[in-house]
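Pasting the structures in now, so scroll down.
You will see chain A twice below: alongside chain B first, and alongside chain C after that.
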Partner chain A sequence: MFEARLLNGSLWKKIIESIKDVVEDANWECSGSGISLQGMDSSHVALVSLHLKSDAFDPYRCDRNISLGLSSTNLSKILKCSSNDDSVIIRTSEASDNVSFIFESSNSEKVSQFDLKLMNIDSEHLGIPDMEYDSIVKMPSNEFQRICRDLSLLGESVQIACTKDGVQFTSSGSIGSGKISLRPNITAENLDDTVNIELNEAVLLTFALRYLNFFTKATSLAPRVILSFKTEHPLVVEYQIQDIGYLKFYLAPKIEDDDTKQTTTPD
Partner chain B sequence: MCGRCVIMRDGGAIRRRCAHYPYKSSCTADTASDSSHCLPRWYQEGESSYQPSYNVCPRDNLPVLLSSDHPHACDGEGPEDRILQMMQWGLVPSWHKGAAKDFAYLLNNCRSESLFDKASFRNAFTRGHRCVVPVDGFYEWKLIAGKKYPQYIQSVDNDSMLMLAGIFDIHRQTPDSNPLYTVTLITTEAHPVFSEVHHRMPAVLQGAQQVADWLDFRRVTDKQAYSIIIPTTGLTWYAVGNSVNNVYYKGEDCVLPRKAEPVKEKSKGITLDTFFKKTPVKRKLEDSRTLKRVKDESKNES
Partner chain C sequence: MGIHKLMTLIADYAPSAIKENEIKNYFGRKIAIDASMSIYQFIIAIRTDGDVLMNEHGEVTSHLQGLLYRTARMLENGLKPLYVFDGKPPLMKSGELAKRKERRQKAEAELTEASEVGDKELAERMAKRTVKVTSQHSDECKRLLTLMGVPHIVAPCEAEAQCAELAKSGKVFAVASEDMDSLTFGSSILLRNMMMSEAKKMPIREIHLNTVLETLNLSHNEFVDLCILMGCDYTDTIKGIGYKKALNYIQEHKKIEDIVRSLDPKKYTPPEDWSYPEARELFLSPEVTPGIDVDFKWGDADEEGMVSFLVGEKSFNEDRVRNVYKRIEKSKGQGSQARMDSFFKTIATPESSKRKVDPSGVMGSSKKSKIASASGRGRGKKR
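Our next item is the complex of A and B:
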């Protein structure tokens, strides 16, 4: 038996909307510690790692570890049937092929139940090593979303440079180029508006804006975003979901190479 | 193989480069720069039809050096023991019946190993139709990472011509029609030094004596001549541009060294599999067939 009730049901909607562009089908791993999900996009460039603590749910009952194979698209369709102030109960049993989503209105006058058929999804769990990052930037999540959106008007990739002076986002394409610089700002009135840079070493990395724009759909989940950089390693874009969990995105860097394109006609 | 070559000198220069010690008493050394040498004579209208080219291709005409003892060359026009004659590159055997253009094979090269085996070459070779094609250099395509890049190969001695061993044949469509002279270049296994460019190379005759022996079909037997054909060194090469790929392009820039191509900064996408280790996880459900169907259906809907 598995049952988890989340009072703030709209959180589910936000989470699913944040990940569904990256991960189509994924196994939701339910255990005593909470609900986790890990999945990669089809091209293996981006990875989603989500964890929601069991404390986030009331009640939370997980008799045995269970894996729920679900399509993000179908899950999104079902969750759109809930109202923002509904509480959401997820319920299934080990013998069942279905998982039930029960939406309860805040005044308990309306209860809706949707059953989704479970899928058998072959997945590979990736071991993500702990590492020390060269640079960690903490900034307002909406600012990061804006930067990614604006620069994607110019090019497909963004070059991110972290130095002691700040962080610089650069993109260029056929119509021109753009450069957005943020200086560390720890004096802002609102703590959420500050830009903190922890710098061990300066980094210069390039990433696909297409994926960053997918990731920033999670902006509504957290006021702050944490960007962790390490030279020639994936970028981590992390959103802390209140104090109940996190949503992390990993994005492989684009490596510059000097492969030249040469054309010859064979003899 | 050898499918393109360069003959950039004018007719007079080729004659001078083909100067040799006379072996006929009648051949005088009147016009040679070195008074002890004599120069070959251009056969018939050969010199006027000759055009220098930086990209000589099969089916083009090229100057060929041969002994004037060949019956067709004994036209009584001069006492020289060698002639330079324009011939079409690509052997058309004498036994071919019909028009030369209908000969289905392009025999611009002849493997030395098959000189005695293949009828196309054996007939010409055993009748002593040996000749030399003097070239300034030739092209070979070097395979680098799955792509072919043209290389220009010349003698280490910049000013000298390469004397390539060949065989020629004479084809007549009908007994009364004009003869067509065609030539093929003999190739050998590449010398180990050259093998970095290609596994075959043209047979380059080294020195005046080898040229003389190869051409002197009356004195030097087929087998003796055959022993001359060995892989040789003394070549140098460099990459050239792609203009040589076009058979119709004969310009001087064919032999210019290939320009370093601008390095294009290209972003190479790499995947997360490079960074994270995989652990396969497979979820077993009792009726996977049903569930797979469900998955397929849901995909169709979306």
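Our next item is the complex of A and C:
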């Protein structure tokens, strides 16, 4: 038996909308500690890692570890049938090949139940080691969304440079180029508006904007985004969902081909 | 050609070894391709009204047409193709080659006859059977590849074996071929449908040798024996043993010697002077250049060179050739996108490893059914 009730059901909607462009089908692993998911896009460039703590649910009951294979598109369709102030119950049992989604309106007058068929998904699970990042940027999540959206008007990829002076996003394409610089700002009135840079070493990395624009669909989940950079390593874009858990996106960098190696350094 | 019914066997008994993928997901991957095989397929497949494409001097151009567009498609999608040409044929193949020659001669005779009586359909069919790849075809293809900036090498012997060696030694990611031999030669990953025409919209099928071996519970040596039993290019088979029986026998007895000993002589007779040990030797240690000694690089395409060769000598349409050049060039210089798997390693999911309790061996030991059967849940297959 597995059952998890989330009072703020609209969170589910937001979570699925943020990951569905990256992960088509994924196994939702349910255990005593909560619900987690790891999945990659079909070309294995981006990875999603999600964890929702069992405490976030009331009640939460998981008798045995269970993995629910679901298509993100179908999940999104079903969740769209819920109203924003509905609570959402997810329920299944070991013997079942369905999972039920039960939406209860806040005044308990309306209850809807949708059953989704489970799928067998052959997924690869990647081990992500803990590592020291060269620089970590914490900034308002909507600011980051804006930057990615604006720069994708100009080019396919963005070059991100972190130095002690700040962080710089550059993109260029056939119509021209764009450059957006952020200076660390810790004196903003609202703590959520600060830009905070922890720098161990300067980095310069290039990423495909297409994926970053997928990731920033999670903006509504958290006011802040944490970007962790390490030279020649994937970028981590992390959203802390308050009191619930986290949603992390990993994106493999673009690497110059050996024979066309450029010798640019961060300025 | 290849191994008789090997694809059927894998699809039936080790379906988890087959994955489907779009060509664009192979960006940045180095892929070895058996050139001679591809040329042959182009000449057969690329025709108008049953005739091969020719320029005004009556020279065949189907192979160049095919090579140009298929290679451009791979480059556009960011793939790095490497073509491998056949060297000398192995002695063992002489039987098979003689058979092919005989078939070709027979087809030629029938072709003349058919065209005399005006049976167009038969003539067309026979014309395809008379196809032979000449060294002129190969040389023209090598010239075109050089102009396109795509590397090619000549194998000491069979191209298929050389491709497999490159995959085994990690020089390339996979071998693209329609010939299932590649797996027998030990290619870790085989890609099929890579050379299909774009219009057919066929997904690439990716076959993983290791998964095949694990699922069938075979060592590579046993797999080679299985392929020989099923029917390969180098030697005969035992009459009456198809792929299902062959698999059962191999799983039970491990090698051909022991199978032969256990067979009921009244029912099955192995061929006389059966040369399976030689065929086995050929698959296990073919004549190849070791992967570390092979060097290749992708360069720039030469627009004027392509035009003067294809338009000047082979009467291609100039606009089209220039267009292909533009497509190739556009795909370059974007920097290559790295993949997650080059940073993080795959680990077995605790979930599925816990559920690995299915004792039924071959029949249902694909990863998917393991999960389903062990958890006692009859989930519907993904639709």
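Methods note: the second predicted complex is superposed on the first by the 257 of 267 C-alpha atoms of A that agree within 3 Å, B and C clash if a C-alpha of one lies under 4 Å from a C-alpha of the other, contacts with A are read in each partner's own complex, and residues count from 1 in each chain.
Here is the rule we go by: a residue touches a chain if its C-beta (ideal position, glycine included) is under 8 Å from a C-beta of that chain, and two chains touch if they have at least 3 such contacts.
For clarity, every value in this text was computed on a predicted model and none was experimentally measured.
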Report task. Have a look at where A:Ile121 lands relative to chain B and chain C in the superposition and call it first, second, both or neither. Result -> both
Query raised in the report: If you stack the two complexes on chain A, which partner ends up touching A:Asp21: first (chain B), second (chain C), both, or neither?
Result: neither
Requested in this report: Examine A:Asp134 and indicate which partner it touches, taking first as chain B and second as chain C; both and neither are also allowed.
Outcome: neither
Requested in this report: Identify the partner contact of A:Ser157: answer first if only chain B is touched, second if only chain C is, both if each is, neither if none is.
Outcome: both
Query raised in the report: Of the two partner chains, chain B (first) and chain C (second), which one does A:Asn65 touch, if any: first, second, both, or neither?
Result: second
Report task. Determine, under the contact definition given at the top, whether A:Ser43 touches first (chain B), second (chain C), both, or neither. Result -> both
Requested in this report: Mind working out whether A:Ala252 is in touch with chain B, chain C, both or neither, as first, second, both or neither?
Outcome: both
Requested in this report: Could you say whether A:Asn74 touches chain B, chain C, both of them, or neither, answering first, second, both or neither?
Outcome: first
Report task. Go through chain A and flag every residue that touches chain B in one model and chain C in the other. Result -> 25, 27, 40, 43-47, 67, 69, 97, 117-129, 157, 206, 208, 233-234, 250, 252-257, 259-260
Query - Partner chain B, residues of chain A touching it in the complex - result: 25, 27, 40, 43-47, 67, 69, 71, 73-74, 97, 117-129, 157, 206, 208, 233-234, 250, 252-267
Query raised in the report: So in the complex, which bits of chain C are touching chain A?
Result: 16, 21-22, 24-25, 27, 297-298, 333-349, 351, 354, 367-368, 371-372, 375-382
Query raised in the report: In the complex of these two chains, what residues of chain A are touching chain C?
Result: 25, 27, 29, 40, 42-47, 65, 67, 69, 94-97, 117-129, 156-157, 206, 208, 233-234, 250, 252-257, 259-260
Report summary line: In their shared complex, chain A is touched by residues of chain B numbered 1, 3-4, 139-141, 147-150, 242, 245-246, 261-285, 287-288, 290-292, 294-295, 298-299, 302
